[in-house]
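When the chains are written out, they are named A, B, C, D and E in that same order, and each has its own residue count from 1.
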Amino acid sequence: MRIILTFIKIIILSMAKRRKLMLRRPKTTKSANQIPGTMTYVGNKESSETKLDVIDYNAERYERFSSTTPEDAFRFVDEKSVTWFNIDGLSNIEEIEKLGDYYELHPLVMEDIVNTGQRPKIEEYQDYLFIVAKMLYYKNGEIENEHLSMIVGKNYVLTFQESDGDVFDPIRERIETAKGRIRTRSADYLMFALLDSIIDNYFLVIDDMSDRIEALEESLFTSRPSDDITYEIQDLKRNILRIRRAVFPLREVISRLEKMDSELIDTHTGNFIRDLYDHIIQISENIDIYREMIWGLMDMYMTTISNKMNEVMKVLTIMASIFIPLTFIAGIYGMNFEYIPELQWKYSYFVLWGVMIIVFLLMLYYFKRKKWL
Amino acid sequence: MRIILTFIKIIILSMAKRRKLMLRRPKTTKSANQIPGTMTYVGNKESSETKLDVIDYNAERYERFSSTTPEDAFRFVDEKSVTWFNIDGLSNIEEIEKLGDYYELHPLVMEDIVNTGQRPKIEEYQDYLFIVAKMLYYKNGEIENEHLSMIVGKNYVLTFQESDGDVFDPIRERIETAKGRIRTRSADYLMFALLDSIIDNYFLVIDDMSDRIEALEESLFTSRPSDDITYEIQDLKRNILRIRRAVFPLREVISRLEKMDSELIDTHTGNFIRDLYDHIIQISENIDIYREMIWGLMDMYMTTISNKMNEVMKVLTIMASIFIPLTFIAGIYGMNFEYIPELQWKYSYFVLWGVMIIVFLLMLYYFKRKKWL
Amino acid sequence: MRIILTFIKIIILSMAKRRKLMLRRPKTTKSANQIPGTMTYVGNKESSETKLDVIDYNAERYERFSSTTPEDAFRFVDEKSVTWFNIDGLSNIEEIEKLGDYYELHPLVMEDIVNTGQRPKIEEYQDYLFIVAKMLYYKNGEIENEHLSMIVGKNYVLTFQESDGDVFDPIRERIETAKGRIRTRSADYLMFALLDSIIDNYFLVIDDMSDRIEALEESLFTSRPSDDITYEIQDLKRNILRIRRAVFPLREVISRLEKMDSELIDTHTGNFIRDLYDHIIQISENIDIYREMIWGLMDMYMTTISNKMNEVMKVLTIMASIFIPLTFIAGIYGMNFEYIPELQWKYSYFVLWGVMIIVFLLMLYYFKRKKWL
Amino acid sequence: MRIILTFIKIIILSMAKRRKLMLRRPKTTKSANQIPGTMTYVGNKESSETKLDVIDYNAERYERFSSTTPEDAFRFVDEKSVTWFNIDGLSNIEEIEKLGDYYELHPLVMEDIVNTGQRPKIEEYQDYLFIVAKMLYYKNGEIENEHLSMIVGKNYVLTFQESDGDVFDPIRERIETAKGRIRTRSADYLMFALLDSIIDNYFLVIDDMSDRIEALEESLFTSRPSDDITYEIQDLKRNILRIRRAVFPLREVISRLEKMDSELIDTHTGNFIRDLYDHIIQISENIDIYREMIWGLMDMYMTTISNKMNEVMKVLTIMASIFIPLTFIAGIYGMNFEYIPELQWKYSYFVLWGVMIIVFLLMLYYFKRKKWL
Amino acid sequence: MRIILTFIKIIILSMAKRRKLMLRRPKTTKSANQIPGTMTYVGNKESSETKLDVIDYNAERYERFSSTTPEDAFRFVDEKSVTWFNIDGLSNIEEIEKLGDYYELHPLVMEDIVNTGQRPKIEEYQDYLFIVAKMLYYKNGEIENEHLSMIVGKNYVLTFQESDGDVFDPIRERIETAKGRIRTRSADYLMFALLDSIIDNYFLVIDDMSDRIEALEESLFTSRPSDDITYEIQDLKRNILRIRRAVFPLREVISRLEKMDSELIDTHTGNFIRDLYDHIIQISENIDIYREMIWGLMDMYMTTISNKMNEVMKVLTIMASIFIPLTFIAGIYGMNFEYIPELQWKYSYFVLWGVMIIVFLLMLYYFKRKKWL
């Protein structure tokens, strides 16, 4: 009796390790019913304050400066050097407005800078280009999707980010150490370098997607079926769709940038932008391939489950088909009829064993032929 | 015996809580075989009467006025202020015809105003623009899909709705309190504000879709499989298709509005319309993503059902595979043959228990290796 | 014994009500290897003779006349009134040729008039427009797909149909009772009215599709799974594809009609054709939505079958898991070993019952925890 | 014992009729790494020699002539009559080269004539049009896919086929008996007639596809599930894809032919080509519909298998659920405990039968309620 | 007892042959965060050194020369002969840079030459065309995907490959033996010949894909279901997507080459490029067809698994349905009630056998009618 209880206990305990799902609540995509042109930050990055980081450089000189108020930085603005204002944190709207007023930005541009739901786009204004893009990078093992706005003027670039941490450190280093062309070129080359850096990080993110797909494929075959795998596949789907949403509109942006006939963009930079376009097309193709792979995973998973169920059913069918007839035979001679001739014969017990072994072997042969064993 | 009966009762009772489906009857999409240009209201909003709400404003003055007959409102029409006539209720065709005659609207425009099956579109006439859109908003927890027609003239806007309740209250408030630009601009800006308000509500509706998808995903994993989930997925599909049908043609409308070279639209308003276009593109993208997620849910659900069935089969197979052979062994020694040598041996009962425990443990080990436990 | 036989009889009888499938044989789509420009009727409408129905009208007068030979009708042809010749029945090729010769129709036009496999199209000739469309309407509960050719000239319209019965009765009534604009306009408005009538009937047909989809959805959940449902879904697919084939090319026809710069079409009629285009776009959208719903039904059905199978397996597993171990225990004490100590104890029978009830309850508890009950 | 053996024999024998699959080896699509412009026949039609069939005609005269060498036929070439050279068999490259040299064909044209992997296309050269098409027709119950090249010059047409047997006999007959327009027209009308004949045969082939789909649908419901059906569905897929590959590029060819402004094509023939275009569009639409139907078949098949498995499981569950508890009850009273009070009561055997019948009926009622019976 | 143990051993052993999966780790697609225009080799071909192979030819003369440094080869550069520099191995960046400097290649071109992640493209520069393509060929039974860059100048062609071994040997032979046109034409014809050779190898690769698809289809039906098949299908998917990624952008390249109005391309070569375009379209079509076939395989596989499970379930159901009731009957007469009238009757044992045989035959008949046997 105890054995059965133990057995039941094992089964019950094996149920205890339960799946824990962490379904994240997606944020609202836009603050509804506000007055158009009103700045409202709708993101969820907790940045207590707005930080301003200024890099001013040309071939000869380099200066870097940090501040929390834009006014401190205006003295850098002159014709002879490129000035890169980087703003971290979008929740402090007043400071951003000061900068916007100084550069005479359009109210709708100001609104899009803080509207983190805005999709990537490019707009050409009189004195500047306005570019929205999404930075994708890894932070604590999660894909971080950060809203980035860029204003490219004659000799300045403004970048607005949601929070600390970005993908631009290699560029800062290159400017500081005067590596590559960057110090000798103007603001449009800086814009190119920033976009190039964003797109390079897309490569890292989709390479990681590819690793996850592969790991999942492996575990489809090796681990026992569980809802965790279903959930992981669904999560991959969600991620690839999210990445797609960041990348595909940017492709359009780069394409328009390539064709744009603006005074702000030097012809030399044009070649580099064409290169950028090549890269983003390559990413788009990879995304579409990974997407197909992910969609195929669900089918694969279904097939492996079915295979496993097939195995289970075969074991049941073999066990039942062999022992149920044998039990029936045993049951026959367990009957209490007064007159059953076989019961009196001396060797009938052994004959019966023989018969049962033959039935057993025939069954084995039958299942062997059916390739179930 | 009672126990078995009780057990059967439990099962029978557990069947009692039946699924209740509320499949809504879709309304006829158009009243067939009527004379073209005839006004027939085909919607299902029960509005006993037509209500007219007039707001007349310019930078200096503001007046609001309610009525049930259009004639009362014509005195507001003049060149110096913007007049917004809002009509609630389309079943009273005569009153609407009076207004239409006053503004010399085309008979086909009049037909489309009351034809709630009409899809979103824009048409340019000599003196006015005619826009059809669909308002989506929540009313008593259901998505309300309300037909809206808009006539935009030189200094007036007419809006025709099926019933009380709309998404324009924030605009009415802004006009009254003179917040934002609205009081200083002309009728085209009001048109923009109305469309913006409609699109803002699309964001709310699709955010809610996203919540429902997420909740359903959660319940796929946690609740026992039932037809309710299938039904809910199908309902989501239906809803997303319905929303899509409201949004996608409006995207075209906004696109044409952006490119339109009409005297009625001020160049300043052009920037705002471009912004509108951005938003509706963003909604379209989200709809397509949610659509893919919903379509994926059915596959997910199938997989979780298969997983659950796999579990069920394993339990059956383990129980049957262990106890059927053991029962067979017991059956052997229940036979009444006169000569079964083992029956006479004193310890054979205990030996048999030993054998059976070994078989049991071997089986456990086998299933453990197969990772079924 | 009788009970088992009865039981078997019930099962065998329940198999007697077999599914009856009526798979219709699709007709050949074109008569192959005939000489191009040869008239051959390939449809399957059994119309013994060709009937001619003539309606001649202008704002002042109205005359209607029936005949079986076209010659009787030529006297109606004059410049001052619109003459609508309607021909029912395409199998009598000689009579149709007479009419064709009278109006000098191109041989390929003549071929298309009787070729019921011809898809909807529009062709502009010197003196007339040639339009092919498909009428869809209900006749004895089946969707009737009838080939319609239309010749629109200066002051006449010829319509060729496969058989009696069409969707034009409301128009005939409007002409007779002089309702609407129709009596005051020329032949192009009649063409518009006829096309409008055809498209109105598409609305009725797709509304009915929607009802069938809905009814099927309902029965997926409530009735027991059967191949009838599979068949019904497949039949819906076939139907929606057939409707699609009638509607989509007509959309192109209307679009070309809208853009056509022909003397035969009055500018006033242009507005009405734009309205027609609106309607056919709306139908196309609905068709695509219903198509997606129908495709989704098969998945839904699979899920409900899987759910039902899951239920079946649970009942089996619960019954087997509870009673197989109990039967094993009973089997143990049915063995005939000479020395089984428990057999002699007085209360062991009652103790055993206790043990079995405990096992039973533990099992119930286990299945309750697994949420199978 | 014998009965069980017989039973096992029946099952084993029923496995003997095995599925025989005939998976055809697709031929190599192009001979790789040859020098461009080299003629190499890569098809698999075994034609020992090249046969030349010449038909020379105009309105007055008609002559037909067969040969194996092209030189014999050159005397027919003159300005006043249309000469149709038909070449059967592409493996004898030398003879074809002579013809090519005589008409000064481009080396790449010569290569494409014998390259059976070449897809349908049209090319315009100085003095002739070069058209590649695929003939589809039935030969010994199999779809024959034959490569056809056509050279259309001022007063001659050359057709190159892989083997004997084609779809042009009705045209030969029409020329001989002077039926239809063909004798009075020039070479371009002959080209039209040949293409028309090819397309007419597409109609026959896809009508046959439709029959196979229908027959398969029928057998899905009536026959027992087997891998043959899966194989047949896959074969249909393959076939429809193959037909599609022949038809869709030809559609493009006809479309270009329609728009072509060539001296070789008479304006009268233009109308007929437009008619051809109509037909090939119609075939394309049908192909796409049949394709969707075939893809749907796999889902249908899955559903019918699932339905059947559901039936099987229900029978098992009903049988097991009814008899396993009853066997348990019988097992209880088969125990050999010394003191089981019920055993001594006189009517307990009959009471037990009563209890078992009640359990049996309760079970039946339960399954009836669940709609499993 | 031993028999059962043996039986268990067989099952356990049959589990020992485990599936071995070789999931390859995809390489990083681009080296992120490098300075644009920097040359970094990211491929994984282990080539210790860069080898230079020069072929210099015109109609009269031919010379071939191997070296490891580019300088040795510059003496071949003159106006009167075509010089083909082939570089194997991209890891030695300095040597490549020397060549690049000599021909004044743009830095971004230099970067793309060594960036093996670059997708196929064509770029037109002042003095040369830059073409990137992917060679697909078999090496040790695996598809080798090798990055190839081509610079086509006035009288020279530079080709850069990742490693030894390519698809150009037939061209080298043709040049050496002066077969075909190649010796009499200029550099653009060499470019054509190289591209033609690459595309010819695509045919070989997709023919092989077709073989694998076919073999897999065969094994779906004949072998027992296993995860290996699922894995093989997924591997085919991956491969076809990889081939697609190589072929589809090259199609664009050829299309642009066809339309290009460059001095570097002779009009005679234009015809050959059009032929090339034909071939790559043909490959693209085949890829899309094979893709559909592969996607269909998963469905096919699911169906065959379901069929097999259906078979398994039928065997179980038949065995259980026949023997469970019979065992119940035997169990009845194994009860130890003191008064069971049948037990005393002399022939009741034989009567019971009769009853059981009748039940057995009825069951057989029932399953026969259900077509399960």
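Annotations
Note that contacts are C-beta pairs under 8 Å (C-beta built on N, C-alpha and C of every residue); 3 or more make two chains touch, one makes a residue touch a chain.
Remember, it's a predicted structure, so these values are computed and weren't measured experimentally.
At the interface between chain B and chain C, two copies of one sequence, fewer than half of the residue numbers in use are shared by both copies. Rotating chain A by 70 degrees superposes its CA atoms on those of chain B, with the angle stated to the nearest 5. Distance between chain C and chain D, defined via averaged C-alpha coordinates, is recorded as 26 Å. Mean C-alpha positions place chain B and chain D at a centre distance of 43 Å. For chain D, residues that reach two or more other chains under the stated contact definition are 11, 302, 306, 309, 313, 315-316, 320, 324-325, 327, 331, 334-336, 340, 370.
Of all the residues in chain A, the ones that touch chain E in their complex are 170, 174, 179-181, 192-193, 196-197, 200-201, 203-204, 206-207, 210, 214, 217-218, 220-221, 271-272, 274-275, 278-279, 281-282, 285-286, 289, 292-293, 296, 299-300, 302-304, 306-307, 309-310, 313-317, 320-321, 324-325, 327-328, 331-332, 334-341, 357, 360, 364, 370-373.
Residue ranges of chain D in contact with chain E, taken from their complex: 3, 7, 10-11, 14, 19, 21, 23, 25-26, 28-30, 32-33, 35-38, 106, 108, 111, 117-119, 121, 224-227, 230-231, 233-234, 237-238, 241, 245, 298, 301-302, 305-306, 308-309, 311-313, 315-316, 319-320, 323-324, 326-327, 330-331, 333-336, 340, 342-344, 346-349, 352.
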